[in-house]
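The same chain A turns up in both complexes below, where it pairs with chain B and then with chain C.
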Partner chain A sequence: MKHDDTTIFSSYERNPSLYDEIFDENGNVQKTYETLFDLYGKHSIEDYVNLNSKAKASFFNQGITFQVYNEKKTQEKIFPFDLFPRIIHPEEWDIIERGAIQRSKALNLFLWDIYHEKKIIRQGIIPMELISSSANYLHQMIDVDPPGGIYNHISGTDIIKHNDGAYYVLEDNIRCPSGVSYVISNRTALKRALFGVFNHYQAYSVTNYAENLLDLLESTKPKGVDIPNCVVITPGMYNSAFFEHSYLAKTMGVELVEGRDLFVEKDFVYMKTIHGPEKVDVIYRRIDDQFLDPLEFRADSTLGVPGLFAAYKKGNVTLANAPGTGVADDKAVYTYMPEIIKYYLDEEPILNNVLTYHCSRPDELNYVLENIDKLVIKPVDEAGGYGISIGNRLTKKEIEVVKIQVKENPRKYVAQPIMSLSVHPTYIEDSESFEQRHVDLRTFTILGKDKEFVLKGGLTRVALQKGNLIVNSSQGGGSKDTWVLKK
Partner chain B sequence: MNLEYSIVYKAENKYETWVNGAHWQFLIIPEENKTQEFVGVDFTNSLDAPIEYSINGFGFRTIRIHTKEKFKTVAFEASFKLIKREVNPFDFEITANIEEGYEKTKTIDFRVDFEQFLRSTPLTSIPSTSEGLFQFDLKQSIFENLQGLNLWIFEQIHFKVGTTDISTPLIKIITHKEGVCQDFTHLFCALARQNGIPCRYVSGYLHQGNGFFGDSQMHAWAEAYIPMVGWVGFDPTNGILANSNHIKVAHGNDYNDCSPLKGVLHTTGENKTIHSIQVSSQQ
Partner chain C sequence: MLARVANNLFWMGRYIERTEHIARFMNVNYFSSLDAPHELSHSRQFVLRSMMFMVGEHVNEDSEQLNEQNTLYKIGLDSEFPYSVINSIRNARENANSARDLISTELYESINKFYHFVVNYPVDKFVKNGLYDFTVNVTEMTAILRGKIRGTLLHDSVYAIIMMGINIERATQIIRIINTKYNDALLAQGSYGDKFSNSFEWTTLLKCTESYDMMRRFYKKTPTSISTLEFLILNPNCPRSIMNSLNQVHNHIRVLDPSKAYNKNSTAFLVGKVRAEFQYKYIEEIEEDIQSFIENILNNLTKISQKMEKEFFNY
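Let's turn to the complex of A and B:
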C-alpha cells in the first residue's frame, strides 16, 4: 500500500537515514501495519486530537502518574501515552523472548558464581576488578544461598532496533526495574479509546503479569512455610514509581507496605495490622539495597526495616530481587554478557550486545577521549538515563568537560557507538501531526526455579523531543502500547 | 595456660529532647574461636526493653533492642565471661619460603579468595602520591614486613584521644601523626592491602593490665593473612602482636563493619554517649 496523502499521516516526514518501523525506504507500509494504517486512515486529525485528550484525562483520573526528580519543584506528571501502537511480529518476538530469558538465566548463574566460588574470575574470563571496584557488590551476600538459587527474579531488558534491522540490548536492569504497570494501563487505555482497532489484530494479552509475579513470589517462600504471606514494599508515595508499586500490590491481591509498617522480632518479619502482627514470608522489594535495613546498610535510611537483613540471611524471609543483584547490572558487566552467556549456558547470545569501550582500559580510554563526538558516554552505575552524554550533541566546551570527568574516574564510564534507534510514527501535540520519534523496548522477565516468563508485550518508550535518543520517562519520554501478534 | 576474663561493657546515652522509640544493635559479644571459649553473657537496659540475639551481615553475633517507650536517657550494661587460651604469636617458621609467600599472594586464586580484605574502603585509602610511607622489603618475609609496618605505625603516630573522629581521613592522620586505635588500625590495613596482603579490621577488648594503650573504649587491631601461616593479629597502637590480652569481637573491612553500637532513632538536639569498659582476669 502506498503512503496516501489524505490520511492523518499526510504531513508525516520520513528521514531516509532513519529506520522507520512502519514505512520502508520507498514509503510503503510494512505488511504487519497495513490493517492498522487503513483503520487510522479513516479518521481525520481532529478525531485523533479528541481521542488523545480523552485518553490523557483517563490516565490522570486513574492516578497513573510519576514524578521527576532533579526539578526545582517536584511535580506529578502523566506518563505521555501515544495512541498509535507498536506491533511486533511473532517471529521477531520469538527472538526477543528467547534472548531475554537467556540473559536472565545467564545473569542469575553469574550472580550465584560471584557470590560463591567465583569460577568465572578464577578462569580469567572476567577481570577481578569488575567485582572489587563495584559499589554494588555486597560482601554480606557471600555464600548466602537465596531460595531456589534465584537472585534476579525480575529483570527488565532494554532492547533497541538498530538501522540494520537487528535487535540490540542496551541494558539489563535487575535491581528494581519499573514500567510494567504502564504496559498494562497503556493496553487498557488503548482498548478503551480504540476498541475497534484492537479487535482487528490477534495480540497477546498483557494482564497475566501480576498472576505470574505472584506465582513466582509464592514459589520463593522460605523453608517450612506452607502458604506464604507476600507483600510489596515501597519507598512511599513520593517515589517516582509509586503508582506501579500500588498497582502491582492491588492486582496481586497482597498488601502494599512501607518500612514503618513492618518490624522484625527474633529474626522474623511481621506486618502491623489492626488484628495484631502478621508474619511476612516474601517481600517484593522496590527499595534499593542500601536502604533495606538501617542497622546493616545506610544508617540514615528511613525507608527500610531494622533487622531485615539478618532475617533474610537466616532464611526466614525472602527478598525479591535478592540483595546484591545490582553488581550485575553494572554497565561494565554488560560488556561481558556474550562471554557470560557462553560460559554459563554454553550458547551463543541470541540478542546482540552493543560494542562497548571500557574507559578503565588505557588503550580504549584513549580511543574514547579522541572520539567522544562519535560515542555515547555512560556512567556504569546510574539508572534512569542520568549522566549520559551523547557525543554528537555536545558543544566543544561540553566535550572538554566530559573528557575531564572520564579521565578523573575512568572506571565509572563506558562508551558505545551512537546507536541509531528505530523510529515510529508518534502523535506530537505541538504540531498536531504524526512525526518520527525514536523508540526502544523494555521487556519484563520473571525467573524462578521452575519458571521462565516474559511478558508478551513490553514498554515501548518514545523519546518525545525531536532527534532525542534518551527514552527514559525520567528524561521526558513517553510510551506506546506494544502488541505482540499471535502466530 | 588459660585465662578467665570478665568483661563489663556499659553505655549511657543522653538526649537533649525526648525520643519516641528506638532500635539499637550491639556488636560487643566476644567471638567464639580457637583461642576464645565463651562462657556467658548477661545484658540489661534501663528501659527494661526485651533483648534479642541475632547476627550482623557478616554472621557475627549481635544484641538487638527495640523500645517503643519515650525516654531521654538510656543505660545498657553487658557482662561477659570467657576463657582465653594462651596465644603464642610465634608458633610458625618466620623466614621460611620467603619467595613462595609473595608468589602465592600474586596468584589469581589468592586474590579472588581474599578479595574482600584486599579492597580499600574510604576509611582505608591513602592517596598513591603520599610520600614517606613504610615500604616493603621483598628480601624479607611477609611476616617480617608486617612486623616492620606495625612498629613503624607505632613509632610514627602518637596515641591521642580527641583529635580525630571516625571520619578523619588517613592522610590527615599521617600528616598530624596523631590518632586513636581505629586510626592506627586503618593505617595498617591500608598499607598491608596496598602491598597485596589481605588485612581485616578487628574490634574487641584489650586487657590493659600491662599499661597498654587502648583507653576504656573498645579496642581495634588488625589481622593480616600470611600465606602458609594464616591470619595473624597485629596491634599497631601498642606495637605488638595480638596476644592473650586481645579479646576479639568481630572483624570487617573497616570500622563501619564493626561499630559496637548502632542506633536507629529520631531526635532533634544534641545527644551524648558515654562508654566504659572493664576487663579483668583470673588465672
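Let's turn to the complex of A and C:
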C-alpha cells in the first residue's frame, strides 16, 4: 500500500531500527492491519483532529478522569487514549493466555510454599535472603491458610514484544494491579468514535471481566457462609484509581466501601448501612497491605479497618488478593520465575523472561557496574515505573550516581539488557499526525480454586514521549484499545 | 446501602434540585423585568436585589448599587459563593462520585456532562449575553437528570433517598421563592397604582416555578395573591407545590422503612405529622401571617432533614 499525501499517515516516519507492529521492514503494511490502515487512511487530518477531540470528550463525560492539584485550583485530566487500536492474533494470544495462567499458578504455589514449609528454599533453588530481605514478606502470614489456597486471585502481567517478534514478561503485578477498567472504557470510547471499524474485524468483547471477578469472589467465601456478601474496598474518591474501584463495584453489583464504613466485632466484619450493621464475607481490597489494619500493620493508617487481619486469620472474611503477595512480585523474585515454574509445575515457561542480573551476586554486580550504559537498572520493590534508570540515556555523571546507589544497596537493584519495546502508530496531538511510540501490554488473570480466566484484550500502554520506554500512566503514558481477534 | 453513601445520595438529590431553582429564578426574573409594566419592577436594581435575596444574600436597602455583571457572575459561576449554580452542580457531582457504583451509568454521565457544561461555560459570554442560553440549558439538563433518576434507577431505597432529597429541597426552594416574590410584590405595590393582590409579581412567581400555564388552566383567571399562593402551597396536583412535595416525601420515607411509621421517634412519623397538619390548612389562614407560615415550614423541613441524618446517615 502506498502512502497518500493528504491523509493522516502521510507524514509517518518509520525508524527502521525499531520493531513496528504494523509496518514490515520494507515499509509495507502487515496483512492484519491492511483494512484498518485503509479505513483510517480515508480520514483527512481535520477529520481526525475532530474525532480525537470527540473521543476525549467521551472520557470526560464518562467521568474517567483523575485530578491534578495546582496551587490555585484542582484540574481534571483524562488518561490519554489513542484511537488507533492494537491487534493481537489468535495464535499469539493463545501463547500469552497460557503463559499468563502458568505464571499465576506458579506464583500461587510459590506463595503457599514460602508462607508454609519453604521447600523451594530448603532445596536450594532460591536463596533465603531473597525472602527474608524482602520488605513485602509479611511474617503475619506465616502458616495462614487462605480460603481455597489462593493468594493471587487477580494478577496483572506486563508483557512486551521485543524486536525478535517474541513476547517477554517484564513484571508480574500481584498486589492490586489496576487498569482493567480502562480496557473496557477504551473499547467504549473507540466504539463511540469509530464504530465503523468494528464491521471489518471480529474482536473479542472485553465486558465479561466483572462477571468472572464476582464469580471468583463468591467462590472464595468463608466456611459456613451460604450466599456471601462481597464488597470492594477503596482508599476513597480522591485515589487516582477510584474510577476503577467504582466501576468494578457497579458492574459486579456489590457495595463499594471505604475503611470507615466497616468495623470488626468479635472477629467478624460488618458494614454500616442505613438499617444498621450488615456482615461482610469477601473483600476485594484495593488498598495496600500496609494500610489494611492499623492494629497489625501501619498504625497510622486511616484507610483500613482495625481488627480486619484478625478476622481474616480466623477465616471469617476473605481478602482478595491475600495479604503478603507483594513478596512474589518483587523484581528479584521475577528473575527466578523460570525456576519457580519448573519447580512447582514441572513445565517449561511459556512466556520468556528477560535476562536479569542480580546486583546481590558479586560477579553479576561487577558486570552491571561496568556495563551500566547498556542496561536498565531497576529497584526491586517499587511499582509504577519509579526509580528506573535507562543506561544509554544517562550522562557520565549520572552513571556515577547510579553506580554509587547500586553499590550501597545491591539487594535493592536488578539490571536487564535494554529491551526494545515494539512501536505502534500513535496519534500525537502536537504534530497532528501519527508517530511511532513504544507500547507494552498488561493482561489480567483471575485465578480461583477451580477457575482460570484471562481477559481477552488487556491494556496496551503507550509511552507518549518520543523514544521513551516507560509506559506507566504515572509517568505520562497513554493507552490503546486492544483487539484479540477471534479465530 | 451504606449509611455514608445514603447521605451522599440524599445531598446529590438536594443539589440537583437546587441548581435548577437558582438558574430558573435568574432567567425568569431577569427576562420578565425587561418589559415589566411598572417603574420599580422594570428597574434592573430591583431584579438584581431580588436574585440576591433568593440566594440568601442580604443587600443594604438603598446605599448599595449592584453591578449587573458582578451579580450575575456571583450567582451563576462564582466558585467562591456557596449558593452559586456552579457550586450546586459541583456538589451534586461530588456526591454522585462517591455513590457512583450505586447509580446508573446513564445518570452519572448526564450529571458529569452537565457539570462540564457549567464549568466550561465562558464567564465573559455568560455575564454579557449568555444568561438565557446558560440558564435554559441548566434547567433542561436538570430535567434530564430527573428523567434518568426516574427512568434508569431501581425504585428501591436508593431511589427513595434521592427522591427525599429532591423533594425536601424542592419544598425549601419553592418556599424561598415565594418569600422573595411576596417581598417583591410588597415593595412594588403602589407604583403606577399597582395593587398588591393583582401584582405583576404573581405572574413572575408562577413562571419561576414553571406553574403559570397550569395555574391559568386551573383557575381560568388572572393570578392574584390568594390564588397564586393557594396553588403553589396547597394544591396537591401542582407538581411544584409544597403539598405535593410533602406527599412525595411521605411516600418515599415509607419505602425506606415501612414498619417505623408508628414509632414517634422516626422520620416517617415526623413527616406524617407535618403533612397531616398541612392537609387541613386553608389559604386565608396562611395569608393572615405569611411570615410565620414561611418560617414554620422551613423549620419543619430542617427538622425532617436532621431526623433523617440521625436515623439513616449516622455512621
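Here is the rule we go by: the second predicted complex is superposed on the first by the 470 of 487 C-alpha atoms of A that agree within 3 Å, B and C clash if a C-alpha of one lies under 4 Å from a C-alpha of the other, contacts with A are read in each partner's own complex, and residues count from 1 in each chain.
The criterion applied here is as follows: a contact is a pair of C-beta atoms (placed from the backbone, for glycine too) under 8 Å apart; a residue touches a chain by one contact, two chains touch by 3 or more.
It should be emphasised that the depicted structure is a prediction, and the values quoted were computed from it without experimental measurement.
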**Item:** Partner chain in contact with A:307 - chain B first, chain C second, else both or neither
**Value:** first
**Request:** Figure out whether A:390 sits in contact with chain B (first) or chain C (second), or with both, or with neither.
**Result:** neither
**Touched partner set for A:49, first chain B, second chain C, both or neither** = neither
**Request:** Have a look at where A:428 lands relative to chain B and chain C in the superposition and call it first, second, both or neither.
**Result:** neither
**Prompt:** Thinking of the overlay built on chain A, is A:274 touched by chain B (first), by chain C (second), by both, or by neither?
**Reply:** second
**Message:** Tell me the contact category for A:60 with respect to chain B and chain C: first, second, both or neither.
**Reply:** second
**Prompt:** A:131 contacts which: chain B (first), chain C (second), both, neither?
**Reply:** first
**Prompt:** Between chain B (first) and chain C (second), which, if any, makes contact with A:193: first, second, both or neither?
**Reply:** neither
**Message:** Considering only the defined contacts, which chain A positions touch chain B in the complex?
**Reply:** 118, 121-122, 124, 128, 131-132, 138-140, 142, 263, 265-267, 294-296, 299, 306-307, 309-310, 313-314
**Complete:** The residues of chain C that touch chain A in their complex are 1-6, 97-98, 100-102, 105, 108-109, 112-113, 116, 157, 161, 256-257, 312-313, 315
**Asked** How about chain A: which of its residues touch chain C in the complex?
**Response** 60-63, 232, 237, 242, 246-247, 249-250, 254-258, 260-261, 271-275
**Message:** Using the touch definition from the top, list the residues of chain B that touch chain A in their complex.
**Reply:** 23, 25, 52, 54-59, 62, 64, 66, 108-109, 111-112, 115-116, 118-119, 253, 262, 264
